[in-house]
Each structure stands twice: as structure tokens, then as C-alpha cells.
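Quick heads-up: structures coming right below.
Below are two complexes that have chain A in common, paired first with chain B and then with chain C.
Here is the complex of A and B:
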């Protein structure tokens, strides 16, 4: 275990180590050397990468996308778990199948579709879905729905049936059963999913590069490229930038860690 | 990264205009444009337009433009120069130039989706095949009516012309490839720049005698070894052969190409070993440190060496290998601008692009930035140039033919997937020339058709 952990952490720590060193020092002495300490890489990465703006972009994409994904998938999951009708399995199958499709395969259809969907000027500068955050929010939501639906519906199936029977006896409507009964009970699962979704959507790189072509609209992951030049790239600076970009995910992870772990195990022990 | 095939992009022209033109926004912009037209049209009528007085492109009137540039904000002098040009034009013509800055690599990698999606009116691009490919596909606009341009020579015009004989590009700057070395190292050992291949061979042997590797060499950046291939090809077979080969008119398994690889093989022992694991920056560092004597690279090599070595650099062009071919061709990739076909205001784009090629634009860029580029316009001021740049101008002006570099002169798919891998194979196994050339030719045939 310890050996594996070291192997796993080594590249990360190596990047962290070199992000505190000057390029000119490592250039002359090699990366195995010791010295040339500086904090400049961080301030320069922040300024040159324009991370303030791009972190805000990432935030504007990630938060609505995660909220929307969780809301929609919990709705579907609720129906799938609580009501049995003929197409239950088919529906779940469709959602899962969509999850298995590689996004690259859908690149061209999605791109063309978005190009032809008009948006009013206050929503998108270009007048189409392209180059707007709406496009990224929708695409990310669509691609994450399958997985969330699957996890949530399985989780909801483990809730004791009796609760719903008594709720129904008390006259709770379907909406009330969903919103006031199920949602509080699946909170651990929602928190676990939220953690995962924030990480995934925040780290998403592919769609952002394809659907956005305005430099000032890129999320922070794509903005990391700003630190590379046409020919020359200062690897220490890129290391510093990567660590800045990775920090928010770590914060979210540690903040929600407790929920995350309990969410995972709760799902597994209830049979 | 998965990208749509460039050929796919032809569909974009079949889209109904209503799709592109939808929205009140564009209507509004149109109205604004008309307003601006009135104002600037009067200005130029007052004889303000002295730099473009040659009369051509008179139809192009200044207006608000959207300008896509391939250097991210704050990424250094390259961005400063482009921004300065945009600002200078906005001030001069009294229009708004809205700059969309994307970093170099992302811009280049997503160019097809950019052009099909919502391109800016004018954008930065490269001369040669990379431009011609989009001209053929109809994504960039014919701008032959802004040519001829004052101060832009014939070699540049040739590089701005697509297969249909029309111009789709205006050049702004270039950077030559040559053999770089440290002046102090040469002085200390009493070496001089070799004029002939015999001189070079003698020099390489002497360097080896001093436990110095003659040529620094890196192939981890897959494009880097193309420089060596290009120069050997142009010295052995000439510029015309290079162009015919990259267009698919000559075969990659021809005796000429095999000869290039055979010559390269004899030179490989003079190059740094294990080059496949080395980036050009590391190779440049080993030349700066004096472990290696020389390095064949573009002038951007200065970015890869420490400050004190930058002042100490000098270069020479690769010597003649065949007297009947001479040594008057070299790689000097040209950067410049195109007008997108989907431009919202093509006329304004043309007016802007014509100005961008002027000496005034080049001077505005070089005066504002911390490091100058080498202007394509011969009338541009050279006051800001460093020694290397002054010498570059001289070398390029003396060159009879200018190639754009292998990956800019040929199909991007062929260059980036086939040739890069094959050159790395060759460096690994220099004995298998027949196998490597046959494999390139086979794939070139299927890609170029």
C-alpha cells in the first residue's frame, strides 16, 4: 500500500517541488538538483494565465451544471425506483447506454446542432449556442445524467418500502413523496455525487475546447494552455499553474469528504 | 485530441445564410458598421490613406472588426505586438477592433471548429499549404484585390497565393531556420563558420576531438527533426523538389528522398544521442552550456537559452551539398492574417488586413513590444532589431526561395501523424530507409489522393 501510494504521489509531489523553483535554475542544474527556490511561479501563473477570470468561468459552468444534473437525475431516479411500469428497465437502459457513448463520437453532431440553435443576444454574444456557457452547462448535464440516474435509482431502491406506504396513507402527493421524503433520505448519495460531479465537470476539457473559441470564455482547465508559448514552455510555471487549478477540487473533496465516504458505504451495506 | 476532419469543414459553406445571420445582434452590428463606414469613408477621402495609396483594394472600407489572435493575453511579446497593431488601427481608422486572444496551441488545434463556428473577421494564420487548404475548402476569403501590397516582395506573394492563383493571406513576419552557435565558443577554439560541406565536416571532426558533440539534436517535439530533413532535402534536391514533394507530385520513396535519408544517416553520428527523449529547450541548453557546438533550429532558439548566452549567439545557413543546387533556399515560416469567409463584415476585414501588411502596422507592433518580430514589409523600420534579426533579414533577402517548413507546406494530417512518426522511426533505426520511405509514400498516397 505504502509503496503504491508513493508511486502514485510521486509525479504530483515532483510537480509541487519544481513549481517552487526558478526555470533558469533547473535549466542549468537539471531537475534532480536542489535549490533555486521562488514563489514567483505562482504569482506569474496567476497573472499570465488570467486565472481570476477563468476560475469565475469555471464556477459559472460547474455550479449550474452540477445542480441541474442532480435535480434532473433525482427526478428520473425517483420514478424508476418507486413506480413499476413496463418501460422501467428500458428507460434505465437508455440512460446508461448514453453514458457509455464516448463524447468524441458525438462531437460533430453536437457542434452542428449548437451552431444552428439561436440564442438571444443577452444569452450569447455570437447569437448561437456556440461560445456560450449555456452550451457547456447543457452538454455536461447531458453526459452526466446517465451515471447519476443509475446511482440514485439504485440508492432509492434501498429505502424501505414501508415509509412510502405510510406516507401515502397520510395523503402525501407524489411530489411531496419525492421532495420531502426521498430527497432528505438520499442526501448522502447526493453529496457523494455532487463531489464527483464537481470534480468531473470542473476538470472537463474536451467540450470546452470544442464549443468555445473566445479566449476570455475558456474555463480554467483550458486556460492552463495560456502558460505555454508557441515554442517555449516554462515547465516550472506550468507546474505551478496546474497546482493552482487542482486546488479547488481538493478543497471541495476535503469539505465534502465525510459525506462522500458515508454516501458510498451507506449504499453498499443496505441490501 | 479528436478533431473533425478538415475535409469535413466544406459543409460549412452549405449552411443557409439565415443560420449565420440570425439575431437582432447582427442586424444591430450591421447598422453600427454602416455608421462607422460613413465616418471613416470620409476620413480616407480626405487623403489620410497615404500608406495604401497604390489604388488597389479601393472597395475595402474601414469598419469595426473582430480580430482573432493566436497568442493569449499576457503571454509575452507576441501578444503585445498583435494587441498594439489592433490598437493602432482602431485609433487610426476610428473603429473598434475587438480582440479575441486564444493561446497559440489551442488556436491552432481547434482551427477547423473555429472557422466553422463563429470565426472573427480577421485572424492570425500561416502561409503556405495550411492557408491554401482552407482557401480550397472555402473557409477563408479571396483577398486578391488588396494585393499588390507596398513593401511586400514576390517571395511573400507566392507564399500567400493558393492553388487557384489568388491571394488569401497577407504576411506580417517570419523567422528563418539556420545553424546556431555561440560566438565565444567559436572564438576560443579559433573556429570559423563553415562555407562548404568540407569545412563543416572538418569542423565537426574537430569538435568531436574536443569531446564536444557537434550538433545538438532533439526529437521529442515531433516537428523538430523536420528542420533537418528540410534543409538536407533543399540542399540535395532543391526548393522545387521540396514543393513538389509536399504537394504529393513527387514520391516519398523516390531515390531523391532516399538520398536525403542516406545523407542524414551519415550525419547522425555527429548529432546528440537519445534525441527522442529530449525537448528542443534541453537541446538548446546543451548548446548554451557548450556541450554541443551547433544547433539547427529557428530563431526562437533564443528563448531556450539563458540570458547571458542570448547575446552570444550567431548563426550561419547550412552549407551547399550539391553545386548544381546551391544553397540559396531555406526554411523561413511566414506568419500573417486571413479574412474568414463567415466574416460579418468582409469589407471591413479587407481594409484592416491591408493595413496589417503595411510598414506602419509592423512599426506599431515593434515599438510597443518588448521584443520585435522580423517584419515581412521591407519598408518597416529595423531600429528595434537585435543583431540576430538584422542578420536574419539579410539572409532571407539573399535567399532565392523560401520554404514554409515541412509541416506548414503539406497536409496537416500527413505532417502531424505520418511524417513525424516516420522521422522518429528513422532516428531510432537509421538503417531501414527503404521501409520508412515506402511507408510514408503509401500513407501520403492515401491522404493526398
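Here is the complex of A and C:
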């Protein structure tokens, strides 16, 4: 087990190790050597990869997308958990299946549709949904809704029904039951899902690659695509670039590991 | 990569008779499900229908008036005169089998071992789980440190001179190993979650009966995990069908790395925009995945109804 764990950690550690070494040193002494310490790879990767811009882009896509996903899915989840309509299962199916469809299968209509949808200049410099953050925010939200709805509605179903009965006696409207009663109680589930969604949407590659074609609009993941050509001749630069890109999610992961794991296991344990 | 695992939770009594809602409440409920549903229908279900319709046409993607109905010609062409199609199918299948044979089984075994709260269990879990938080595109990047022809670790250690990402004979396997690095931890976590649901007393009872560890696993734990096994099956199939990021970052899905998902993309954002043809490929993906999505939904709904 220990050996296997070390093997698993090795690629990341190897990247970390070589990201701090000079290219010329590793060229003359080989990669199995020790020494040639430097921080230059980071400054160079940062500047050449324009990571400041791309990280900002990722942030501008990820945060609204996660917020929107959690908000919309909690609405649906609340209705699914609180009321038993006959269409409940169908509705859940509509969301969950959307979550599982291969995104490539929907690429052409979505791509073409976004090309047709005009946006005012202050929302998108190109004047259409293509190449705008709005496109990515909406697409990511649509795809993630299924998973979040499912988890949240399961979580909400574990809340005691009595609280709603007394709320109804007090004459609380449906909206108040949702916003003031349910939402504060599902905060743990929201936190877990938020952690998970931040990493997923930050990591999302496919839509970011096909819906954005302007280099200055790329989030970090699809920016990697362009860097490949520039970086692949210098492995130490690749290493530094990889660490820069990995750092935000690694920080999230280590800071919120509990949330992360519980996000995936939510609702799958008894009781 | 987003999948939900089914719940086990005791049956709950719920007042089946709902109070009549006021008009305002009804409007609120309508909006609460209406707005998210519209978003999903607009961006997922309408495009899905669009793909099916376009797959029977020929269209270069410019004027709507240029759309020509061609019947099943695209499908016939794909199967007969489109060179990358059969390699892509083969690669997707290899991808699927490989994911099952190596990372899935390994992930399951790891979960079974780590479930027993051994010393350092948390550390091991973190180690295996770490790659899962990285994007597949980044995984491809990181593995370049091993696969590079002149600067890669593998070639340096073994004195070989293989272009692991470039040589069409080996690059599929190189990419698969990188995928496995990430996939194993994911499967492990799903099983760990599932195993937490296994009643501890079952295992104790088996131990009292003198069953060995191996026997307990196959006769007690494995059958209880059946719903999880099905979920994992669906996840693995869907994952191998929509595998895309890695091959795209390596060489945009050419030269030994053809996958259906990459072929679809090549027909839209590549040099030639053949929307009808690309849609037909997309529909093939959709049909395969819908079989497994149906299986998945049936499991989830069975759990829901209990």
C-alpha cells in the first residue's frame, strides 16, 4: 500500500521537483541529477503563459457558474423534496440524464446557436455568445444542475417534515419556507457541493476549448492547449506551468478536503 | 465525471395530502422548477434533438438555407468511407476495457482495504485521491514530464528513444496510463462511500461463521455493493465514451489517438465544418450513452421509490 501510494504521488512530486530546476542544468546532468535550483521557471511560465489573465478568466467563469448552479439546483431540489407531485421523478430524470450525456453529442447545435445569439458589447466584445464567459457559465450550469439537484434533494428529504408543518401553520409562504427555513439547514451540503463544483468547473476543458477561440478569453484549462507548443520543448517549464495550474485546486482540496470527500459521498451512506 | 450515487435511507412517512397553495405560492413553485428546467431544456435537450435532426442533413454551417436533407447518407459514409471512424471505435473500446481491467478493479480493491480504518488510511486515501482534483488536460501536461522523447523520465531511465505521445503504436497506451492515474482514485472514492453503507454486523457475522477475508468479500460485501457496481459500470462506460481532454491536449485526437468525441469536434472547429456529418457522429455517441443513462436512472429511481 505504501509503495503504491508513493507511486501515485510521484508524478506530482516529480513535477514539483523539476519545476525548481534550471533547464541548462538538467540538460547537462540529466533529469536524474540533483541541483540547479532556481525560481526562474515560475516567472517565465507565468509571463509566457499569461497565467494572470487566464486565472482571472477562470475565476470570472467559475464563481458565477457555481453560484448559479447551487441556486437553481436548490430551487428544484426544494420542490422535489418538499412536495410530492406526480412529475417529480420525470423532472429528476430530465436533470440527471442531462448530467450524463456526452457534451460532444450536443456540441454542434450549442455552438451554432451561440454564434447566432447577439450580446451587447458590454457583455461580450465579439457581440455574440461565442467567446463570451456567459456561454461557459450557462453551459456549465446546465450540465451540473442534475448532480446538485439530486444531492440536495436527497439531503433536504432528511430534514424533519414537522418543521414545515409548523411553518405552514404560521402562514409562511413557499418562498419563505425555502429561503429562511430550508437553505440555512442545508448549508453543509451546499458547502460540500460548492467545493466540488469549483474544482469541476475550474477543470472543465471541453466547452472552454470549443466555445472560446480568442486567446485572451481562455480560462486556464484551455489555455494549456496553446501553451503546449511553446512549452513542450522545455520540460522544466512544463513542470512549473503544471504546478501553477494545479495550485488553486490543490489549495481548495487540502483546505476543504472534508467537504470535498463528503460532497461525493453525500447521500450514499445510510440514514 | 459528475455522477450521483444512489441513496439508502429509511422509508420516511410523509404527509401525502398537500395543502392547497395560494396563487402566489403556485407561481413561486412554477418559477422554482420552471427556470432551471428551461435552462436545461434549452442547452441540453433541444441541442440533443438538434443533433439528431442535423445528422440527416448536409450543412457547412453558414446559411440556414444551405441545409440539405440527405437521409441516412452521413451514417453510411461514416461506416464505409470515413477512415478514422473504425479506429476511433476501436480506441474507445480499448479505453473502456482498459479502464475496467486496471483502474476500476484497483480502485475497488483499494477501497476494500482502506475501508478498514488501518493505520495511515487517511494519508493513503489522500494520495490516491489527489490526481482526481486535477483536470485531465493538466494530467496530460504533467505526464509529458515522463513521456517527452528527449527530456522524459522514462526514456532517460531506460535509455530508450520512444516518442510516447507521438508514436501511433504506443501513444494510446501512454494516454491510458495517465488516465488510470486519475481514474483509480475516483472509483476508490465511490466504493469507499458505498462500503460505508455496508452493515458492519454483516461482516462480523461472516467472521463468526469462520469465513476468510476473501470469502467475506465475495459472498458478503460484493453482493451488497451491487447497486454501486452498476453505478460504477455506468460511470466507466460514460467516461470512456466522453474521454476527450487528454487526447485533445496531446494532438487533437489524430495519429493513433482517434476517439469519437474528438472526431465530432474536428468536424466543427477543425478545418472543415461538416455539421451534418459531425452530428451523425454525435448521435452515435448519444445512442450508446442513452442505453447506459437508462440503466443508471432505473437504479436511481428504484432507490428513490423505496
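The rule is short, and it goes like this: the second predicted complex is superposed on the first by the 243 of 271 C-alpha atoms of A that agree within 3 Å, B and C clash if a C-alpha of one lies under 4 Å from a C-alpha of the other, contacts with A are read in each partner's own complex, and residues count from 1 in each chain.
By our rule, a residue touches a chain if its C-beta (ideal position, glycine included) is under 8 Å from a C-beta of that chain, and two chains touch if they have at least 3 such contacts.
All of these numbers come straight from a predicted model, not from anything done at the bench.
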- Query: Here chain A is shared; do chain B and chain C fit on it together or clash?
  - Reply: clash
- Is A:107 touching the first partner chain B, the second partner chain C, both, or neither of them? both
- Task: Would you mind checking which one, chain B or chain C, touches more residues on chain A?
- Result: C
- Query: Does the superposition put A:97 against chain B (first), chain C (second), both, or neither?
  - Reply: second
- Message: On the A-aligned overlay, A:228 touches which partner chain: chain B = first, chain C = second, or both, or neither?
- Response: both
- Message: Per the contact definition in the header, classify A:86: touching chain B only (first), chain C only (second), both, or neither.
- Response: neither
- Would you check which partner chain A:139 touches, where first means chain B only, second means chain C only, and both and neither mean what they say? second
- When the two structures are overlaid on chain A, which partner does A:8 contact: first (chain B), second (chain C), both, or neither? second
- Message: In the overlay, one of 73-81, 91-99 or 217-225 from chain B clashes with chain C and the rest don't. Which one?
- Response: 217-225
- Query: So which bits of chain A does chain B touch that chain C touches too?
  - Reply: 104, 107-108, 111, 206, 209-210, 213, 222, 225, 228, 232
- Item | Parts of chain C lying in touch with chain A, wherever the complex brings them together | 1-10, 12-16, 18-19, 21-22, 24-25, 28-29, 32-33, 35-37, 39-48, 50-51, 54, 61, 110, 113, 120, 123-131, 133-138, 141-146, 148, 151-153, 156-157, 181, 184-185, 189-190, 192-194, 196-197, 234, 238, 241-242, 244-245, 248-249, 260-261, 264-265, 268-269, 275, 278-279, 282-283, 285-286, 289-290, 292-293, 296-297, 300-301, 304
- Query: Given the complex with chain A, which residues does chain B contribute to the contact?
  - Reply: 1-2, 4, 8, 15, 19, 22-26, 28, 68, 70-76, 78, 100-106, 109-110, 113-114, 116-119, 280-281, 285, 289, 298, 300, 303-304, 306-307
- Item | chain A residues within the chain B interface of the complex | 24, 27-28, 47-50, 104, 107-108, 111, 115-116, 118, 120-121, 125-128, 130-131, 206, 209-210, 213-216, 218, 222-223, 225-233
- Show which residues of chain A lie in contact with chain C when the two form their complex. 1-2, 4-6, 8-9, 11-12, 14-15, 18, 26, 30-32, 72-73, 75-76, 78-79, 83-84, 89, 91-113, 138-139, 141-147, 149-151, 154, 157-158, 161, 165, 168, 173-175, 178, 199-200, 202-206, 209-210, 213, 221-222, 224-225, 228, 232, 234-235, 238-239, 241-242, 245-246, 249-250, 252-253, 257, 260-261, 264-265, 267-271
